[in-house]
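Only one structure is covered here, and it is reproduced in the block below.
Each chain gets a letter, A, B, C, D, E and F, in the order it is written, and its residues are counted from 1.
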Amino acid sequence: MSGTFFQPVDAAEVPRFAGHSTFMRLPAVQTAAGLDVALVGIPWDGGTTNRAGARHGPREVRNQSSLMRRVHHVSGTEPFSIANVADVGDLSVNPIDLIDGLARIEAGMDEIVAAGAIPLSVGGDHLTTLPVLRAVARHRPVGLIHFDAHSDTNDRYFGDNSYTHGTPFRRAIEEGLLDPKRIVQIGIRGSIYDPGEHDWAKQQGVRIIYMEEFVSRGAEDVMGEARRIAGDLPTYVTFDIDSIDPSMAPGTGTPEAGGFTPARPNR
Amino acid sequence: MSGTFFQPVDAAEVPRFAGHSTFMRLPAVQTAAGLDVALVGIPWDGGTTNRAGARHGPREVRNQSSLMRRVHHVSGTEPFSIANVADVGDLSVNPIDLIDGLARIEAGMDEIVAAGAIPLSVGGDHLTTLPVLRAVARHRPVGLIHFDAHSDTNDRYFGDNSYTHGTPFRRAIEEGLLDPKRIVQIGIRGSIYDPGEHDWAKQQGVRIIYMEEFVSRGAEDVMGEARRIAGDLPTYVTFDIDSIDPSMAPGTGTPEAGGFTPARPNR
Amino acid sequence: MSGTFFQPVDAAEVPRFAGHSTFMRLPAVQTAAGLDVALVGIPWDGGTTNRAGARHGPREVRNQSSLMRRVHHVSGTEPFSIANVADVGDLSVNPIDLIDGLARIEAGMDEIVAAGAIPLSVGGDHLTTLPVLRAVARHRPVGLIHFDAHSDTNDRYFGDNSYTHGTPFRRAIEEGLLDPKRIVQIGIRGSIYDPGEHDWAKQQGVRIIYMEEFVSRGAEDVMGEARRIAGDLPTYVTFDIDSIDPSMAPGTGTPEAGGFTPARPNR
Amino acid sequence: MSGTFFQPVDAAEVPRFAGHSTFMRLPAVQTAAGLDVALVGIPWDGGTTNRAGARHGPREVRNQSSLMRRVHHVSGTEPFSIANVADVGDLSVNPIDLIDGLARIEAGMDEIVAAGAIPLSVGGDHLTTLPVLRAVARHRPVGLIHFDAHSDTNDRYFGDNSYTHGTPFRRAIEEGLLDPKRIVQIGIRGSIYDPGEHDWAKQQGVRIIYMEEFVSRGAEDVMGEARRIAGDLPTYVTFDIDSIDPSMAPGTGTPEAGGFTPARPNR
Amino acid sequence: MSGTFFQPVDAAEVPRFAGHSTFMRLPAVQTAAGLDVALVGIPWDGGTTNRAGARHGPREVRNQSSLMRRVHHVSGTEPFSIANVADVGDLSVNPIDLIDGLARIEAGMDEIVAAGAIPLSVGGDHLTTLPVLRAVARHRPVGLIHFDAHSDTNDRYFGDNSYTHGTPFRRAIEEGLLDPKRIVQIGIRGSIYDPGEHDWAKQQGVRIIYMEEFVSRGAEDVMGEARRIAGDLPTYVTFDIDSIDPSMAPGTGTPEAGGFTPARPNR
Amino acid sequence: MSGTFFQPVDAAEVPRFAGHSTFMRLPAVQTAAGLDVALVGIPWDGGTTNRAGARHGPREVRNQSSLMRRVHHVSGTEPFSIANVADVGDLSVNPIDLIDGLARIEAGMDEIVAAGAIPLSVGGDHLTTLPVLRAVARHRPVGLIHFDAHSDTNDRYFGDNSYTHGTPFRRAIEEGLLDPKRIVQIGIRGSIYDPGEHDWAKQQGVRIIYMEEFVSRGAEDVMGEARRIAGDLPTYVTFDIDSIDPSMAPGTGTPEAGGFTPARPNR
């Protein structure tokens, strides 16, 4: 049936700079109904405490994703023949009201989940993950494979604010959306403000693999452990752009030196 | 009947950075049928002899047009209540074959004209205007009000090439698409390579209003003359981004100092 | 007594790029006590509905103000000999909690007012003006001379949000902080979403001088009227960076073409 | 006789920013006669299907090559004492006529070859390599060591266009300019549009070493194989800037993540 | 005899981005002998007290001058038929030794003067003008028409340094290179450090036309006065890039708001 | 006693973009007295022979250091509890007089040393290190661990200039400020002008570890040797930003490909 799945526009027919820009050059559709995977933007950075701008993420990721093509050059995998994928647009957001912003994102994600599609969302800051998890993990906690420079399990900011881009996974654990024993955080690095800053997460059972450990053990070994931790149950995967080295993603709001760089040979 | 016309998205409901970007935040539609005005992109700069990049024009103009709103603040004019307007996407182009590129643009514009809509296109370099005129002026020559730093009525480049961004209006006059006596070019400036470079155009009856004359006489006087020259018959209006001062539009391919700047008081 | 006033660092002794950057190269002081004018930063853009970034304003304005000197070259005025001026730092802000953010700014400004200094603040988005007015106009409404591309007297955004960068002067009038009959807004321009968008303000008595009128009448005439409207009573002056043409201040969050440009001769 | 060879300007005598910029700060000469190696620019990107701009390559490479010096710091090799090298300027190009563009480049390169110099050319997009090969391999096919993100052995674009930056090596094999069994492509990566996209090249005998294989085997092993494939017969070496990681060469027209990065230690 | 004068490369034959970049696309020559006007670069900013970078001026001005053409579009003037003009390269400079730098520039300019050519130099910061004047005004003082944001007639910096970009015209008057009664400075603006900062210059007879006066009187009136002041005797003309508004030339080292902008109509 | 040491501002209380920017968000203090470590800026690039701009280094490093926090995330080290650290501002400099510039830096550094603090300075070009060493090594030579792309042990520039950013360590050895047998230079790379360019340094006993050797041996092995070379006696550590790969620090004045990049795993 893959013949009936949506396929990206071919750059040998329509140049990459032509046409309305959508995620991966797939069609823009009105609803997630009928999709296996719904590509969706969440243009919201209301939880950002340093440089804002992630609100522009979905538009720019759509633009850059014009560079993608259909088939993996080595494995031959053709994702768009395995699953029906399309761009369902951006969720409703509120740039000046944090609580309403969270509610709108949750409501929008509820619709996608109700339509039976798996959401693949592009933020926005990392606080967007909390309302997404509220929608996708409503009925049972999920596991988490988390690539990031920061653990994002802090508690309070600016006195008594509990919702920032530094707190989503603490809130999600507290709300029972994540099973902390099935959480692995990879690439965490950068200085911290308090020696015990990661203690709470570790006490819940979260496995933090600092960049130092990742570098020492290597990707294959670490990813094997990550898969064992997540197991076979439903697992959410999240990728913070600041996990990448700032030389490769300089626009991120809280850059940390020493991030992921491309694979290269040993000699 | 204006109630049934398409209206732009309201930035007090959906932030400007959210949603698929379209011209003036109007809906993206599949066809020009039913439209009074079809907003259309022509992402092609195959006629460019200096810095390329106008091919990216439609996408970036869509992005920036997110800043537009519905009503003129002084006149109260509401264009989207007078005409049904939408974004019909980009025309098919060919970035590496000039002749095929011209044919594709003409064919695409033919469809819009056949659907009964008035096209408002965003390029692309100025050579795109030639195939547009071939479609809109197929049955009778039209007049032209033309804002530009250059006359674009040259003849040949690089030996014997007749189609570049410097020749479209010469070709259009030769092909009978434009009535040269109803052409006015405003803001022409910048040095030329040959003392007689503008003679051919002037001999056809084209009225060239150099920037020096525009500055001396003023916008009201010049525009009055332009309207008299164009008269009441169908007239094409074209605006080259390099008519604007390069400090305001630095990305243009052939910048010329001394372009249009915002109105300001005499004292 | 001017000899005892703070003076800026002299660039012929300490280069502009050297030393901690402060507003106008004046000393950084801990308190507004003893100052006639307190230069203060408000690094907060929590009311911004489009592109954020004004939160970085105070730091960058400090950097750029290194270019200022002590004396006006034509009038000979020496502001730092007329008043004792210094940089009191930035007010406390909260980037992720709008209501707490407003409260912190008001509290910080209260201290400056209580110390007897006149605040000259650098934002930040225009919503910062509301808590500033709450502090400086606590006991009686003040007049307003307001340079801007937008009237900033809208009512509600995103459903029911009453505090954004588009609403501060409506809220301030409602709260009795501004005397609407002593408000003049100059340079307002750009399209609007609703034909009646400025009606509420005009009905309160606000005088809106659109850019078109400013260009037609000239700066001298318009500023004469502005002074008559403000009169001799206490008047707040506010200047939105987007009043300037976007070619001169491209980083603003909601740019509008056709802003203020430098004076130039008629011929 | 090396004393008579051209030597680059010394930055301890003439600063790098001073003087007309030439390749490697060598003299600009009128002809390749008497040179062992002719440095030559080909400012042409007529075959580019995505972002243009490679036409500006020769000018910018000349500017940046001001940073080069005369001797390798470890090996002590002094290239300019081994061969007589100079900058012969740019070849004649035609930015708006693809076929004429190819002919001009071939003609220009013919002159260099006829003068007995080995050309080292700076593009320009990769289609420039086809007319270069027509000149240098006129009498017998050559081998190819090719560093790139893309194989550039596609067949047709935009319907029936056979000449683009994605087709030069297919055309060169078809024209008998390259011996496909002596071609090795290194660093190929990035997704493809068709699972069989590389089949034609492989069937001709081209050896494609994907980036994954390069990373796994290492530079020494891969380069050993490359030398064995090329053998002792005349071999052309070509280096596409997009073989480098986009973080290091962001201006390339079709960037692909995961490119070459600097050598670094294993621990 | 104009047929024998050097002519710029024609962009309809060789694209602007092609070929070695020279001033105005004229030939690079080894000597000023035989030239009427010698275009020459002075890549030196050793007198700069704020942001450096003018040392890169000649290279970038050469690049941008690729946009120039041969004939004025209104007057029909053809400068390259009136005078023999070419690019003689850059003068020798010393970026780390101010006194040696001044000596090298003077020596280089001496050669051009000795060859009988009129130099038209591109800096470099404004201190480069002092050694130029030492060469061109060696035998008798000249007049000066000077467009600038600053008077550049200061005396001492950083204690006792007499040579900076803020002092060249004071030194030149003191050295008898300029006749102060034949000096006019136009567009001077921006704040000053001392109320008497311009007194010395005025006492010598220098006529300072502040930007305020220029705006009030207009270009025609001011330039008439400038011509009367300079008279019929040899006069040097110098143009500081910071005389232009910073929105149009943002890279200047000491930007001042309110500079020259393009002419525009009164209505 | 650590409770009495200065601590950086906490970004969970004061956002990173708020407040006067200081090194590591530590307090700005008037004197080094009472400090263990004095953070100090040296905004001077008077020895730079290529692109200037390092004079702006201290201001920009202060801005970027807002991203730092208090504790190392793996080791748990808390530097600000081990030593009392603060920002003592910038040293006095002279941007247009090299010899006076060196003298001012030495005098400023003398004060810090006399106060008993260890200076940690941010330049500025590498010539700033010479006057720093004159202050810190006045009474006995020190060792040197030096990360750089260049050895900076050249002798003369532009004829007879002995002080540039390429000579500080030669001068320091000659002046007896450094013990050449306790100097190790790591990461040196990039082409050289003379085969013997590094001979003088090696003859003095300086150990140069080229980037090629660093890559081959690895960081652990090389740093072990570096520590052995420096030994237990007082040792100065200096880090040139161009030791980092230019893709990560593109603003450096003399970039060299192939610099240090972040650690990454072997597989």
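Criterion: contacts are C-beta pairs under 8 Å (C-beta built on N, C-alpha and C of every residue); 3 or more make two chains touch, one makes a residue touch a chain.
Everything numeric in this text was worked out from a predicted model, so none of it was measured.
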Fewest hops from subunit D to subunit F - one hop per pair of touching chains: 1
Neighbouring chains shared between subunit A and subunit F, ordered by label: C, D
Same-site or different-site touching of subunit D by its copy subunit E, using the half cut: same
Rotational angle, Cα trace of subunit B fitted to subunit E, multiple of 5°: 120
Chain whose average C-alpha position is farthest from subunit D's own: C
Subunit E and subunit F, separation of their C-alpha mean positions in angstrom: 39
Intercentroid distance (Cα basis), subunit E paired with subunit A, Å: 55
Per-residue overlap in subunit D, given as positions that touch at least 2 other chains: 15, 17, 49, 51, 55-56, 95, 157-159, 245, 247, 261, 263-264, 266
Pairwise touch network: line, ring, star, complete, or other: other
All touching chain pairs, where touch follows the definition stated at the start: A-B, A-C, A-D, A-F, B-C, B-D, B-E, C-E, C-F, D-E, D-F, E-F
Of subunit C, residues touching subunit A in the complex: 45-49, 51-53, 55-56, 94-98, 100, 157-159, 161, 163-164
Complex contacts: residues of subunit D adjacent to subunit F: 10-13, 15-17, 67-74, 76, 78, 245, 247-248, 261-267
Sites on subunit C touched by subunit F in the complex: 14-15, 17-22, 28, 41, 43, 55-56, 58-59, 62-63, 87, 89-90, 92-93, 95
Partner subunit D, residues of subunit F touching it in the complex: 49-51, 154, 156-159, 166, 188-195, 197-198, 210-212, 214-220, 245-247, 254-261, 263-264, 266
